[in-house]
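Two complexes, one shared chain (chain A), two partners (chain B, chain C).
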Partner chain A sequence: MIAQLVLNGFVTGLLLALPALALTLTFGILKFPNFAIGAMLTFGAYAAWVANSLLGMPLAVAAVASAVVMALVAMLCDVLVYSRLRDRGSITLLVSSLGISLVLENICRFAFGNATRNFAFEVARPIRWHGLRINQEQLITAIVVIACVILIQLLLHASPLGRAMRAVADNPALAAVRGVERQTIARITWCIAGCLTALSGVLAGLDRAVDPLLGWNYQIPIFAAAILGGLGSPTGAIVGAIVIGLAEELSSLVLPTNYRQIVSFAVILLLLLVRNRGLFGGKAVRK
Partner chain B sequence: MIAYLTTLIILVAVSALVGLALNVQWGVAGLVNFGVVGFVALGAYTTALLAPPLGWFPAMITAAALCALISTVLAFLSIRLEENYLAIVTIGFGEVVRILLLNESWLTGGAVGIADIPRPFVNLVPPRQYDLMLAAFALVLVAIVFVLLETLVRSPFGRALRAVRDDATVAAALGKPVLLLRVKAFATGGAVMGTAGALHAFYLTYIDPSQFTSIITAYAFMAVIAGGRGSNFGLLFGAGTIMVLLEATRFLKDAFAVIDGTQLAALRLGLIGLGIVLLLILRPQGLLPEPQRKANDFFPDHEGTS
Partner chain C sequence: MSMPPVTPALSVQGLRAGYGNGGDIVCGIDIDQAPETVLAVIGPNGSGKSTFVKTLAGLLRPRAGSIAVTGRDVTALSPARRVMAGLAYVPQEANVFGNLTIRENLKLATEFLRGRPGVGPAQRELVMALFPEIAARPKLLAGNLSGGQRQMLAFACALLANPEVLLLDEPSAGLSPKFVGETMEAVVRVRESGVTVLLVEQNVAAALRIADEVMVLVAGRKSLRAPAKDISNADLADLFFAKAG
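Entry: the complex of A and B
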């Protein structure tokens, strides 16, 4: 029973890892938390659903298509909105991301209504292994997320682009002196964030179903994961996501399942009280 | 037509109250509150639960006081952190309130909600004219809150708040208690949001969790941005214009038969989002910007101020 919960929690955590990673990457470069992350997830899920159910692509191809679409949408948001507001401070960016979140979510609602949609995808029997039930969706989630995480870590730590991204996150002025343009790096980061959230949208849609509030339901856990890891730390976001996933699943031992979302909120509050730098650095206190 | 007009007045009054509250917190003090809807819901539910035993006025005051208290606690927990963290804590608070209202049905009636909420001054006028009466009550309430907040903003307290918003380090260096000022501003806003919730409950006489969606938060931000951050006059103007414009979208449904209810709701929310983004880019100071008061405004006889 507990082993099953741990397994489920681990997979839930992996699902959170991609958007938490996206959130933390954009925070590192642009120094504002993107409140549109949930809406981007929803939008990605709908993009995949359109490609999969309406255009008849296999789900894997649809997921790639949705990642490409979302990367473009994220870049478009940056070109049209974020880059124009970059000098106005993080609060303005924060509020503008709320605006973008409303726009993205309601484009989906306007086009497809509030009905829940499912991907055209064969449901397979769960695998049984030493008394554990492993769903096919869980297996897919684990493989996709672990692959993405390895790719991102390789990108960040073993490529010139990753070095440039880390340089801009660390000290934009110094990076600029060395010829690394913040604007270009910011755009590329938005593309990566778009891809990651779109993929997580597809995985979330597999796990639940696609509806306009899909991403909103993950919003607080995503933030909890990123804050737990220390906003701006990619490794921290992944570890944070797994901790949040485990905490949410294991909470069902003591709490009614309706209160799962409160767990993430409690983690955030507790963390801000006790260790406001998160697990992996980052500064939270103003003065 | 009169019925529609009174409805519109009350809706504008509720959103103006919420907007005024957010204007204190975010406009004047620079504290982002994404959980506006949570405070409004809390105010409405407190009023609904306490009005039958206590009467409407004590219930409304308790609602405001409770919201102020909870704002204080949340503020102390998170306000010394960066704005970014306050935003996520308040958004989480909003969700927690929603989940509690849905699940603690022994108290809140769950998804069904609470009905038959007593209204103020019911015996004063015949039921036929009651809506007019309530509209007048709403306007008086907005006027009182407006005068109180405008006085507050013009007072030394308000000046100190703006100083903290513009540069907390300088304000602290001048000996202003930054944390305390922020907590007070946040609590004031919370109290007004609770009052707005009470008015909402009085108007509808039944409440359920589905009435308290993030659209309330979105309206408030739109109103503050449109009016001009920090400007109470601007806020009233902003809240009024937005409500009227949004009500006008209702008629789109008649003009275009293809648009159904869900699409209309989506269109409205999407337009609010678009409006927020466009205003931030094109007119960040708002339509009626916060007045920049100079020393001369306060000391007209003072000579030689440069």
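Entry: the complex of A and C
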């Protein structure tokens, strides 16, 4: 029973890892918390649903199409809104992201209504292994997320683009003097964030169903994961996501499952009280 | 010395700059600096020294005037394009990427400056010979370096771009006296390698020791320009406090 909960928690955590990573990347480089993260996830799920159910693409192809669409939408949001407010401070950007969130969510609602939708995807029988029940969706989630995390870590630590992203996060003025334009890096970051949230939207849609409030179910856990990891730390976001996932699942041992969201709130509250730089936030050198 | 016969390495004409809707902080500055010299820009707090050097580096748009490097107008260029044109800049204090390793800092120094003549392995060897101490621990996070070492890394990164003119904003800020001496020595080495240095400095005594010429800035205006050897501390006290009071 506990082993099953741990497994489920681990996969739930992995699902949170992608948007938490997206949130922490945009926070590191653009210095504001993107409250549209949940709506971006919803939008990505709908984009994949359109490609999959309406256009008849296989789900894997639809997921890639949705990642591309969401990357473009995120970049469009930057061109139309965020880049114009870049120097107005983080509160202005935060509020504008709330606005974007409403717009994205209601585009989905306007186009497809409030009904829940499902992907055209054969549900296979779960695998049984040493008494554990492993769903096919869980396997897909684990594979996709781990692949994405490895790719992002490689990108950040072994490529000139990653170095440039970390440099802008560290000191944008100095990066500008080194020939790294903040605007370019910001746009690329939005594209990456768009891809990651769209993929997590597809995985979330597989796990539950696609509806206009899909992203809101994950909003608080995503923030809890990113804050727990130390906002701005990619590794931290992944570890934070897994911890939150495990805590949520294991909480069902002592709490009714519909109170699950309490866990994320409690984690945020505890962090604010005890260790507000998160688990990995302190590792960053500030001198 | 005031009218060099050759093209000035750095030429600034009628430069005005300020922040937002505020008044001018830099109120019309002219400079012609001869190649391979050290010009120290000194002045009381709030005289506009840092604003001046930020405007030269391109981090602040000038409201009027022009800036030329070895005869080429760079006024309209972005900070990165100015580095490509030969104008390198070492900001005050936060002048290395603290969360990147020394090796990554050095890589980033030229990675995005493709096409600048003289950037490459030869220049790297030259710079490493000037600052042997930073090549020793490439995997160390730059934020863990001591103040003096961090300054050396910042110089090295700027020099990797093979600049004609190097702008230094208060290299002695936040350093212990021992490191101030080392840093100023490094500035002399840089000048001897053929680079023109414009040095903004709070530490007047240290700056006077290594400068060829001195410009005193008071309230955004040039109040004196003279060879360093002709300046006495008494003159400076008069200049610093005459208009500031």
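By definition in this document, the second predicted complex is superposed on the first by the 281 of 287 C-alpha atoms of A that agree within 3 Å, B and C clash if a C-alpha of one lies under 4 Å from a C-alpha of the other, contacts with A are read in each partner's own complex, and residues count from 1 in each chain.
Just so it is clear, a residue touches a chain if its C-beta (ideal position, glycine included) is under 8 Å from a C-beta of that chain, and two chains touch if they have at least 3 such contacts.
Note that the structure is a prediction, hence the values are computed from the model and not measured.
Colleague: After the match on chain A, would you call chain B and chain C a fit or a clash?
Modeller: fit
Colleague: Who touches more of chain A, chain B or chain C?
Modeller: B
Colleague: Figure out whether A:Leu231 sits in contact with chain B (first) or chain C (second), or with both, or with neither.
Modeller: first
Colleague: Given the touch rule stated above, what does A:Asn135 touch, chain B (first), chain C (second), both, or neither?
Modeller: neither
Colleague: Once chain A of both complexes is superposed, is A:Ser66 in touch with chain B (first), chain C (second), both, or neither?
Modeller: Neither partner.
Colleague: If you stack the two complexes on chain A, which partner ends up touching A:Asn8: first (chain B), second (chain C), both, or neither?
Modeller: neither
Colleague: State whether A:Arg166 touches chain B only (first), chain C only (second), both chains, or neither.
Modeller: A:Arg166 sits against chain C, while chain B stays out of touch.
Colleague: So, does A:Val177 touch the first partner chain B, the second partner chain C, both, or neither?
Modeller: In the superposed model, A:Val177 contacts chain C only, not chain B.
Colleague: So after the superposition, what angle do chain B and chain C open up at chain A's Cα centre, nearest 10 degrees?
Modeller: Result: 90 degrees, to the nearest ten.
Colleague: Is A:Asn52 in contact with chain B, with chain C, with both, or with neither (first, second, both, neither)?
Modeller: In the superposition, A:Asn52 contacts neither chain B nor chain C.
Colleague: Tell me, in angstrom, the smallest C-alpha to C-alpha distance between chain B and chain C in the overlaid model?
Modeller: Nearest C-alpha pair, chain B versus chain C: 16 Å apart.
Colleague: Go through chain A and flag every residue that touches chain B in one model and chain C in the other.
Modeller: 284-287
Colleague: Which positions of chain A touch chain B when the two form their complex?
Modeller: Those residues of chain A that touch chain B are 32-33, 35, 81, 84-85, 88, 90-92, 94-96, 98-103, 105-107, 109-110, 113-114, 212, 219-220, 223, 227, 231, 256, 258-259, 261-262, 264-265, 268-269, 272-273, 276, 283-287.
Colleague: Using the touch definition up top, name the residues of chain A that touch chain C in the complex.
Modeller: Chain A reaches chain C through residues 160, 163-164, 166-167, 169-171, 173-181, 284-287.
Colleague: Which bits of chain C are touching chain A when the two form their complex?
Modeller: Residues of chain C touching chain A: 57-59, 78-80, 83-84, 88-89, 91, 94-100, 104, 107-109, 111-113, 141-144, 157.
Colleague: For chain B, which residues are in contact with chain A within the complex?
Modeller: Residues 30, 32, 34, 77-78, 80-85, 87-89, 91-93, 95-96, 99, 102-103, 168-169, 172, 178, 218, 221, 225, 260, 262-263, 265-267, 269-270, 272-277, 280-281, 284 of chain B touch chain A in their complex.
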